[in-house]
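Going by the order they are written in, the chains are A, B, C and D; count residues from 1 in each one.
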Amino acid sequence: MSIFIDEKTRVLVQGITGKEGKYWTEHMIGCGTTVVAGVTPGKEGQQIEGRTVYHSVRRALSKVEVEASMLFVPPMFTKDAVFEALDSGIKKIVTVADGIPLHDAIQIRRAALSVGALVIGGNTSGVISPGKAMMGFFPYWIERVYKPGRIGVMTRIGSLTNEVTAMIVKAGFGVSSLIGIGGDPVPGTRFAEMLPFYEADDKTDAVVIIGELGGSMEEECAEMKRDGLYTKPLVAFLGGRTAPVGKRMGHAGAIVSGGKGTVKDKIEAIESVGGKVAERPRFIGDLLKEVLGL
Amino acid sequence: MSIFIDEKTRVLVQGITGKEGKYWTEHMIGCGTTVVAGVTPGKEGQQIEGRTVYHSVRRALSKVEVEASMLFVPPMFTKDAVFEALDSGIKKIVTVADGIPLHDAIQIRRAALSVGALVIGGNTSGVISPGKAMMGFFPYWIERVYKPGRIGVMTRIGSLTNEVTAMIVKAGFGVSSLIGIGGDPVPGTRFAEMLPFYEADDKTDAVVIIGELGGSMEEECAEMKRDGLYTKPLVAFLGGRTAPVGKRMGHAGAIVSGGKGTVKDKIEAIESVGGKVAERPRFIGDLLKEVLGL
Amino acid sequence: MKLFEYQAKEVFKNIGISIPEGVVITSISELKRAAGKTGFPLVLKSQILMGGRGKAGLIRFVKDQVEADKNCLELFESDYNVNTILVEEAVGIKNEIYLSITVDPVTASHMIIACSDGGVEIETLAVEAPEKIIREFVDPNLGLMPFQIKDIAFRLGLEGEVLKKISSVIGKLYQAFLKNDAELIEINPLFITGNDDVIAGDGKLSIDDNAEFRQKTYEITREYFDSDAEYESALEGIPYLQFDGDISLMCAGAGLTTTVYDLINYEGGTVANYLEFGGPNYKKALRAMELCLKNDSKVILIVTFGTIARADVMAEGIVDAINRLKPDRPIITCIRGTNEEAASKILTKAGLVPLYDTEEAVRKAVSVAAGDEL
Amino acid sequence: MKLFEYQAKEVFKNIGISIPEGVVITSISELKRAAGKTGFPLVLKSQILMGGRGKAGLIRFVKDQVEADKNCLELFESDYNVNTILVEEAVGIKNEIYLSITVDPVTASHMIIACSDGGVEIETLAVEAPEKIIREFVDPNLGLMPFQIKDIAFRLGLEGEVLKKISSVIGKLYQAFLKNDAELIEINPLFITGNDDVIAGDGKLSIDDNAEFRQKTYEITREYFDSDAEYESALEGIPYLQFDGDISLMCAGAGLTTTVYDLINYEGGTVANYLEFGGPNYKKALRAMELCLKNDSKVILIVTFGTIARADVMAEGIVDAINRLKPDRPIITCIRGTNEEAASKILTKAGLVPLYDTEEAVRKAVSVAAGDEL
């Protein structure tokens, strides 16, 4: 079992004929992903990597079975594309778009919640179950980063993911499933909402979350653990411990507001429920060994 | 057991300080209804019929338990009042407003469906379980019309309800629960959605629906019966058998459009599943005796 | 409220949907100037609300001024109460599309209906080619999404420029539907011209009367109605339909009135007018009776069974109306509901013989209309 | 994009929220005319984006022209980069309310925050009187409903005319929030005057940069930024923050850059600037290095671990930048990710000593900044 995606998950690619869509569809297939069809309005009948392109999600679904949809769609059209996928009953959606308008993002998440769908992203590299399948753009070919294993990873920060995952692998572990929640202020799905899947996954021994200042996603994970809804070990790396208050350092989501969302708060929350926080990426390995009793 | 309301149902009255609100609250109490509080913005602290008035539904619910809300609110404010009740988690709402804008009505029904609430109306006299309780404005004091008994009644047509119910009583029957769905093109709840309650009600032996030309509510009841979701006898009286096509005779909902919704269609649908349609109100009694084997 | 074609097209134009070059005229003297604007050939379109204007010969294509004058005169002088004619350029058509938006009460959605066979009435299409009718349901809280528009366009078999233009029309029509609190908005046909231009060939817009308070109000004029009596009663706010039978109905409540209408037909009687003075009008007995008396009916049948519309108040109003109007024909009453005993006394005192059973009252009215004594 | 107070107030005014009489000036020569419009006493409000202007003495109440001149000059000549002053009438205040709208990511709602203790920063309120903070969550698909507005007003303890006026302000502020794709819109304080008028005493509006394509664009000027370098890099689209330490960061990816920033602090180093040239900027090594070189930093630290941002492309860009700019300070690289082997060759060939471990690179940079050899 994998979280979200494995080699059998039937994936549709929306925006498959664009430059990014084409390029990453090839890599997704290369990684083992079962891409079954693509969608680009006006391009029905084209073939990309041997997959048929349809005008719309509905038309694709009238021909092929689909479980998940991968969106390579510009930010300003992402809301429409997500709603199109939801309209067809697709319950797993990944959007890598960087720059989704905030007010669109709110509606996307609202829609996902209302039908019980998982929308991952935007502003993410996507999801990967190393050795099995990938949706998004992970450099799965760098083996010292994306080695299969038994550690679940969730991340808000694309650029830090390679860094931290490399440390996990360096310590002798591998990754079961990695979910890139995305760096936007309003991601479609939050850390805590994915934890139950890791809890139920017999291929995951512990979860590492890669977070940063701002928002409350790390605190929500701590709550899940406190409430016993997640019982496996939890290790975190958090960027921005020394970040100046009020400055927007990078992600729009990474800003401390109303006195909430400091890394200090997050560390306290996680440690108060028995989780561990690594001060440096390098420490992740030791903490994992500690919590797993190795 | 009664449908929707009985003497124990705790009822809130929104718009209680208005002329209609006051008058009918008195009658609802007179009929046996448990009215627990009222709401009129700006009138908190007033007493109507010994019930405390609150500024808002939330404030009322912070003080008293409520199961159903009765709205005496003008049509243009009805959408807001319904949403206010839904916001507080009230799942049974009756609105008598005549003149709710169509686009508001669509949103009201959509909201009711999305949270699984029953919104009865608008443009209805409400609901009554004779001898127990009433929400709306039924002349329950006319005993030759509102006699308790074992026949369930649902109606789209206020003005015909007294007429038909009188015939049911004249034939020796009485009414278990009467639901006035309302005469608008988009009522909050449809006949077919109430049928399962009558099916489950051990105090109801048969259901009489009072319908008319236009729409598809009667056909939907026939479908329920065909699909076995409603198994008790079904008798209908339908107005507008001889109505000229395309003319709007009364209710906005009562117009034949797209060749659909003629009384002929409705009769065929009901009779095809073993239901009976009375040509005249007077025939209702005989048909009831027939279907009940009396 | 149903708008005339030219009014609907004005709404279309304001929201950016192309319409043919056209001029509204109300007399033949304006025709020449109008034709100067549209050029020849042109189309004379009678502005009445009745459906099937084409079949009734109320839309005329004309080649030149002589034909135009002749046809225009014929239309103004027809039996169809044509007071306004829309003079329009004749558009060169490659294709016609059907497009409309209404609501679906079952799913609580806005419903877009489209069909590649435009120009035909949707009722006909529904019977003859139901598989060609495209329905798209829109969540009113989300509004029409671009992917839905695209899907409609693809299902219509469109591509290229026409696809883009019709997509734009669908989006705009939806905006107009919302903005106008429309019960129905329809373009049928939507022309696709030889140059792939997309132009509204006709227009229907029915505005929800209940939303009047937040809508532009159109002045109610005689032209909206089939008869003077319907116009007059509309001004009064009393629902009224004109027929040409013997019995004037003066009932309270739409459903009860409709049922009385049925029962009269069952009994072999004929209805002179449908008039419903229930609800907010229950105190308007005088005005209602006046309207009934304008008919050549033989009897007035009054049936009510009210709750808020109190029986005693209605009875008083009726007696007052009789005293003032001194009706020249018999009146049969069947007044029941709240305070029916008081009503009974009022009517009896005034010399009427109140009945209490609807069917009995109907039979009486039919027999009186047939010449029997009251 | 954060707007200045006077810009936010312009938005308020356009949507019908009252603001004090006010004039924007950019030089002291305009003051007299402005005062003529507002009268005395008046308020001089420095238009800078920094919070806590009151505490910093950047808002001055003045009684007459002499005081006004003196204070205005002081503000323009302060260290706070004050180029614009809003000259406003002094409003007679009975009461102050806090009001703002933002989003709640957890419930996917719009969130209205109100408090009867206006004039205090919400962060302070959150700590000192959390029970006084009113939160109302709005379903973005339904929009703010009247009952919610009423409820906020009742919870604020309002009644009568003031309740009506503040209800209206809440509704309008919500419209402005939507129309402007706002991340945050805030009126703090919202004045209630002695006459029960309701006037926006201050205004904040932060527009979502991602929605720029559908929003009015405000020209980016130097006044929005704390430093020339931040202004210049913003024009370039490169995220940049000015500090005054020794190490220029030139990293790819916000999170990685922030982590490198942390690691430098852990190691006792200091950061000269935060610069992030990842994502769409990964081909802008030349421009990024130019910006870094404007600092008095002692070393440039380049850390990347990219996927789409290919390591070889970035390495080429860096080598090109070095060749062109001939930097006067050491450069430490830690370039990994897609095509890292090729990158390694390019850097080595150019005479650099590429590192592959972030911490090692950070330690190196700190030691070099401290005077050690490369």
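We adopt the following convention: contacts are C-beta pairs under 8 Å (C-beta built on N, C-alpha and C of every residue); 3 or more make two chains touch, one makes a residue touch a chain.
Remember, predicted model here, so these are calculated numbers, not experimental data.
Novice: If each step moves to a chain the current one touches, what is the fewest number of steps from chain A to chain B?
Specialist: Each step joins two touching chains, and the minimum needed here is 2.
Novice: Ignoring chain C, what connected groups of chains are left?
Specialist: Without chain C, the chains stay as one piece.
Novice: Of the chain pairs A-D and B-D, which one is connected by the greater count of C-beta contacts?
Specialist: Of A-D and B-D, it is A-D that has more C-beta pairs in contact.
Novice: Which chain's centre, taken as the mean of its Cα atoms, is farthest from the centre of chain B?
Specialist: Between chain B and the rest, the longest centre separation is with D.
Novice: At what distance in angstrom does the C-alpha mean of chain C lie from that of chain A?
Specialist: It comes to 56 Å between the two C-alpha centres.
Novice: Cα centroid separation between chain A and chain D, in whole Å?
Specialist: Centre separation, chain A to chain D: 28 Å.
Novice: Among all residues of chain A, which ones touch two or more of the remaining chains?
Specialist: Residues 107.
Novice: Quick one: which residues in chain D touch 2 or more of the other chains?
Specialist: Answer for chain D, listing residues that touch two or more other chains: 141-142.
Novice: Which word fits how the chains touch one another: line, ring, star, complete or other?
Specialist: Graph shape here is other: it fits none of the named patterns.
Novice: By the touch definition up top, name every chain pair that qualifies.
Specialist: Listed in label order, the chain pairs in contact are A-C, A-D, B-C, B-D, C-D.
Novice: Can you name the residues of chain A that touch chain C in the complex?
Specialist: That would be residues 41-42, 44, 55-59, 77, 80-81, 83-84, 87, 107, 111 of chain A.
Novice: Spell out the residues on chain D that touch chain C in their complex, using ranges where they run on.
Specialist: Spelled out, the residues of chain D in touch with chain C are 141-142.
Novice: Given the complex with chain C, which residues does chain B contribute to the contact?
Specialist: Its residues touching chain C are 75-76, 98-104, 106-107, 109-110, 113, 125, 137-139, 142, 156-160, 162-163, 166, 183, 185-187, 190, 210, 212-213, 215-216, 220, 239-243, 246-247, 249-252, 254, 257-260, 279-282.
Novice: Name, in rising order, each residue of chain D that touches chain B in their complex.
Specialist: For chain D paired with chain B, touching residues are 142, 145-148, 150-151, 154, 159, 163.
Novice: Write out the stretch or stretches of chain C touching chain B in their complex.
Specialist: Where chain C meets chain B, its residues are 51, 103, 105-106, 108-110, 122-123, 126-127, 139-141, 178, 181, 183, 208-211, 213-214, 239, 241, 251-259, 261-263, 265-266, 274, 276, 278-279, 305-308, 336-338, 340, 358-359.
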